[in-house]
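After the structure tokens below, expect a handful of questions from me.
Chains: A, B, C, D and E, in written order; residue numbering restarts at 1 for each.
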């Protein structure tokens, strides 16, 4: 059967998800001469990584690594990016092609936006800022975050009061409330799934009081407190703005826990907690940092050395899972645990506690396909049908998986996995089997 | 060491692929060394001209340090010898000009030798005071 | 001289601005008469700042820019690209490292860090003033690759390269492909048979027209550079005239061979002759004579006419665009006495144990004794307290846990006891750990005190301080101790010397950057994949190898490569042809020519690597290196020396 | 430049929740700004003065900080709380 | 120094132990347990000892007796290792260790032993009644003495020596310098815990636990009082209206509460009633039957129709004897004694240590 869709569309590969894995895969393919369409559901590409402070074990700042890759992707002639867009109804067309529906959601701001933030300044609405994980507020007309790409404002229509101030002040005339959802059909030869992961919702754990106790942060919130554009300008307790001096990390929150339905290890929490602990020791030289762990999984290149470095810097490591947390009147938190080394039940008071939340699958990929579903594994991740020989192969020929969509992994592993997916896609498009 | 004494200034010729990463690593790991150490990079430690070294002394540098590629050099196995020759030649020139030869030093700094680099810098500064 | 310079001082979030007063640096930079504009910026590398710089260059007609930020290793090319997009020659861009070599190095002393930053920026401005516009050199690149090592990493990479249109030469030092995994038989996490894996890959390789596979082959020399490497390969003979042997005689020949020795494949559990057939899971299925053991007695030649003991090594020269190193790792060999290894019978390594499981039928017998209780000691050769292997070897916890599952499946009566230092079955591998727990394996954990092993009446006695039982000393009577040995870098000095491979702290080959360039090495065109870079499991090795393939394809797929134009130049008017430079040049890049009737030296641009070794030896200072000219270097030295701040103790 | 907002106004309604949120933010914002007119204060001081929970003050104050209406001052003598003041 | 015995967990499984090997030693169970204290951190240590099979340590442990099985540890165990059920099994295991006859162990490990011994008693009683050795009146008269005798023998030859064995394990083995005076001074501890189980109140802070405690409390009380009423006040033969009414009340309470307990075990809503060992069923059902049959017997007496339904009395006496010579000395009943004694002995040891 001969299909000729070049007149409809001009892309070879569809990459779903604009996180670090999607970006890397797109870049790899673009440099090999393939035309890539990259679709991201959020307002900016860069995924979760762009929001991190520094990354282990080299401690380079995440922005310094992500932003160049992000801008490289954005201006690569072979890559077309659609942000705030989603893919639906993928179907296989014959042997070699896929069709899919691209849904572009309206952001009510056109490309004419210069990112001047005047609209943001004038907007009277304040809602919780999801990019700062609720630590501060943001406006209803807003630039998602300072290093967002594209740096174009968006209007949060659910929270908009239609006061029209933004439209009035925008010199570029970029505000357009008439925008509507756009749908188009695309045809590609191969697809890379890089939909990433979801973080474990710590509110599920009533015995930790997450969501109830203000001085209980998730690791992502702490990550934001440590970035240069940190919401509080210093590392502070959300409850009363105090500088913390006894900080605790609770590991395996939502991971390695059958009672929560997630028996597997999230692979990154030990390391990012050790990293944050080291950064905190730098930011708050007087603070004590304690990490409560079950097992420290410092397995990658340079990881164990990094762990030892943490020990050397004075981070306190305590073996024992935190069973529950209670709050004192002044906002301090009491952690109850068994100190495994001595076999004794203990209670410790900390003035700031970070829950090192684990990684769960992002089930979005299940909704992508119209007729034949993409198979998943026992833990809800995209199933790798040939884990050893072709780690990025999925149950559908021509569809490949990159990054954390196939299971928990750290950034270097995600990047390698994206490399593998791009090579497999390229082999597939050349018609060979790899 | 007296009060308000000037800290000796050191010019380091470092190589892009071998010793630069080590010096960067020292910074990354916050291993401190005196701030009067300035790094100028060159492709290979065997490419440092004696002329440049003498120029540095003339302009007021108290010491010059060549972070040599040693056996890690990717261009030639004779790199250590070549760099040694440059130092020997420059020492002769320095003697002629009445500059203390101990003000020029060389040592191999590998691409992860951040500790040795910091130690070298500290001891060199000590020696120059 | 360039005198319309733009200066950007990056705060790098707060990485720089926490210690360096960036505003002050900017102010002083702005005082320079050649500086048209000076700005500070939160993230110079961010897209918005990049756009701003481009805009600035265009609007202010800048002819050079200086960005004071992080190490050029990270972003030199990012900003050169920015310059280029603004229509400025990328070589008129100078990057000043005020992060790694200033704010971070002197975070203990913000005042001095600021002073130093000021001088570094001044020097950068001076360098920019004297910078020359250059065009990168384009060279033709061979669309072919050399893959060294035909383990699973190398085989997978070769196939992927070949299937994307690259000609591949795959060389393997051993006479068989498949590397280490054939010895493991069943592989975690899904118990895939290793033999099938290797067989699938091998069969695909031999039918692929784009792959040339040489077994018994080693790299002996490399010259040239990225896109145009010339490599020499030595191929050992198999000592058989034809590859297609008459099956009847080979068995007899093996039988007749008088030389018998411990089979390394089975770690001495079985014997092997100097004439060998391959084991299950090893391909190709051809016999070979191990000449290091053969006494050339000639008995076999009488049986098999096909045997020719006089065959010679062959050499092959190839033109190659890029090289992938997939030489894998070795397993740690414990010194005699470590946990009783080599001293107490019944202490073996995990690798040997895997062979033992395979070679045993219904009961597990070792040393004529039926094994009922096994102790696995973890972290042997990794995370050492005093030894040099400080790293965690990543794969071994899961490998040992998986082995215990296989043991229990095959020999249900056996009790597995694990002595760990914290089980690191990361990710989905946790399930294997859980399974092992549920099959009633016992886990003990030691920390600072390694377990003591002794032998009593044929039983091995282990004493271990178990931190999971309040540091109680636990005693075990054991039949077999399995040392869970780590992966260690392969000792291959020759290859390292030939390729000049950078080696990391843990002695594995080092990537440029774990996130930005995870499979690239400092040597352009030479890539690394799999276990030669770091310990990893099969799936991870394959990922890294396929990643390398994608980078290699991007590099050589287009048929040409862009190179740095930093070459040496010779001022022929002052050259006196003393021949010193030709003697020292390591890349044959200086040739003799004539100028105004006198013999002078000239640079052969295709060969020059820009190392600069010729510079100091020239008696008349006739040689300059582009980008490192006297003016550039000396103006930098001037700038660094000029400002004499209060650097006092 | 057309007034596209008028078009959407006809299609969608603003929920009561959004209206309440604006109201409460504006009220707290006014109170905090007024409270700081008298000079720099720490979060517990503002909280005590306005009789608002400290966490509410933190959230809203930090939002004002983000939108440049407030600046961070020195830390107090106990090295516990930062002072905040109005941005000129 | 302790030797590992990997077979122990297999052995313990017969007492009802769960997948204790699933434990990865996070300590969650100890920390989540509201009865856990710095001095007595339960239950992970017990899980660990059981996994390793350190019987010497287990035998002298008090920990299993400190647990009232609120089930919180099992609910929150990340590995589904069910430490709560393990503690329950360990109590059975310990009961068998204290018992010098070894019969406890046999019954716990072997359900058929239970059934056989029950059957033997049924056959014995049936045989006696068929052979007409006793008249109905004699039955009523001697039945009462038989009961007394059974209680005396069980106490003197089984329970008392077992408690002495327990004392040796828990006090003598640990603390040779125990004080006799302390033994007297701590007696209040023994009785308070024996009759109130007040520790269990702080077990889990929810309504259900309080309800459970209350039910258990009145059950114990009613049981003891019914015992007293029947054995010492001779309920079945008395004419005293007060005693008669009391007997009705006590046996009624036993009947009602045990029905509720049985329902709990059937519904399995709460963690503590999820797993039922045969010994649990025997205990609660026989207690129910005892209360029920006593109630009916007295009713038959009051309506003067006992003669007509004399088999009911025989049924009652069968249940009673099964209870008295099997469940009381060797079955679950013993926790009524062992638990408070364990707390009492622990109190002595801890005090002496101080």
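Operating definition for what follows: a contact is a pair of C-beta atoms (placed from the backbone, for glycine too) under 8 Å apart; a residue touches a chain by one contact, two chains touch by 3 or more.
Just so we're clear, the structure is a prediction, and the values are computed from it rather than from any experiment.
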Any chain in contact with chain C as well as chain E: A
Shortest walk length in steps over touching chains, chain B through to chain E: 2
Chain whose Cα centroid lies nearest the overall Cα centroid: A
Chain-chain pair with the highest tally of contacting C-beta pairs: A-C
Longest centre-to-centre distance from chain E, chain (CA-based): B
Euclidean distance of C-alpha centroids - chain A vs chain E, Å: 55
Length of the line joining the C-alpha centres of chain A and chain D, rounded to whole Å: 29
Approximate Å spacing (C-alpha centroids) for the pair chain A, chain B: 44
Centroid spacing, where centroids are CA-atom means, of chain C and chain D in whole angstrom: 53
Shared-contact residues (touching 2 or more other chains) in chain A: 58, 60, 256, 295, 319, 340, 343
Chain C residues counted as touching two or more neighbouring chains: 423, 434, 468-470, 504-505
Chain E residues counted as touching two or more neighbouring chains: 24-25, 45, 79
List of chain A residues in touch with chain D within their complex: 120-121, 124-127, 135-139, 157-164, 167, 173, 175-178, 214, 231-234, 236, 238-243, 286, 331
Partner chain C, residues of chain A touching it in the complex: 28-29, 31-33, 55, 57-58, 60-61, 63-65, 67-72, 74-75, 115, 146-147, 149, 151, 227-229, 256, 263-267, 295-305, 308, 319, 340-343, 377-379, 384, 387-392, 407-409, 411-413, 415-420, 422-424, 426-427, 430, 432-434
Residue numbers on chain A that touch chain E, as the complex places them: 207, 252, 256-260, 294-295, 319-324, 336-340, 343-346
Footprint of chain C on chain B - complex, ascending: 1-7, 9, 11, 17, 20-21, 23-28, 30-33, 35-36, 38-40, 42-44, 46-52, 55-56, 59-61, 72-76, 78-79, 82, 85-86, 89, 111-112
Chain C residues touching chain A - in the complex, by the definition given at the top: 11-15, 42-43, 45-48, 50, 70, 74-75, 78, 85, 152, 156, 159-160, 162-165, 187, 189-190, 192, 197, 200-201, 204, 383, 390-392, 394, 397, 422-431, 434, 467-471, 504-506, 508, 513-516, 518-519, 533-534, 538-540, 542-544, 546-551, 553-554, 557-558
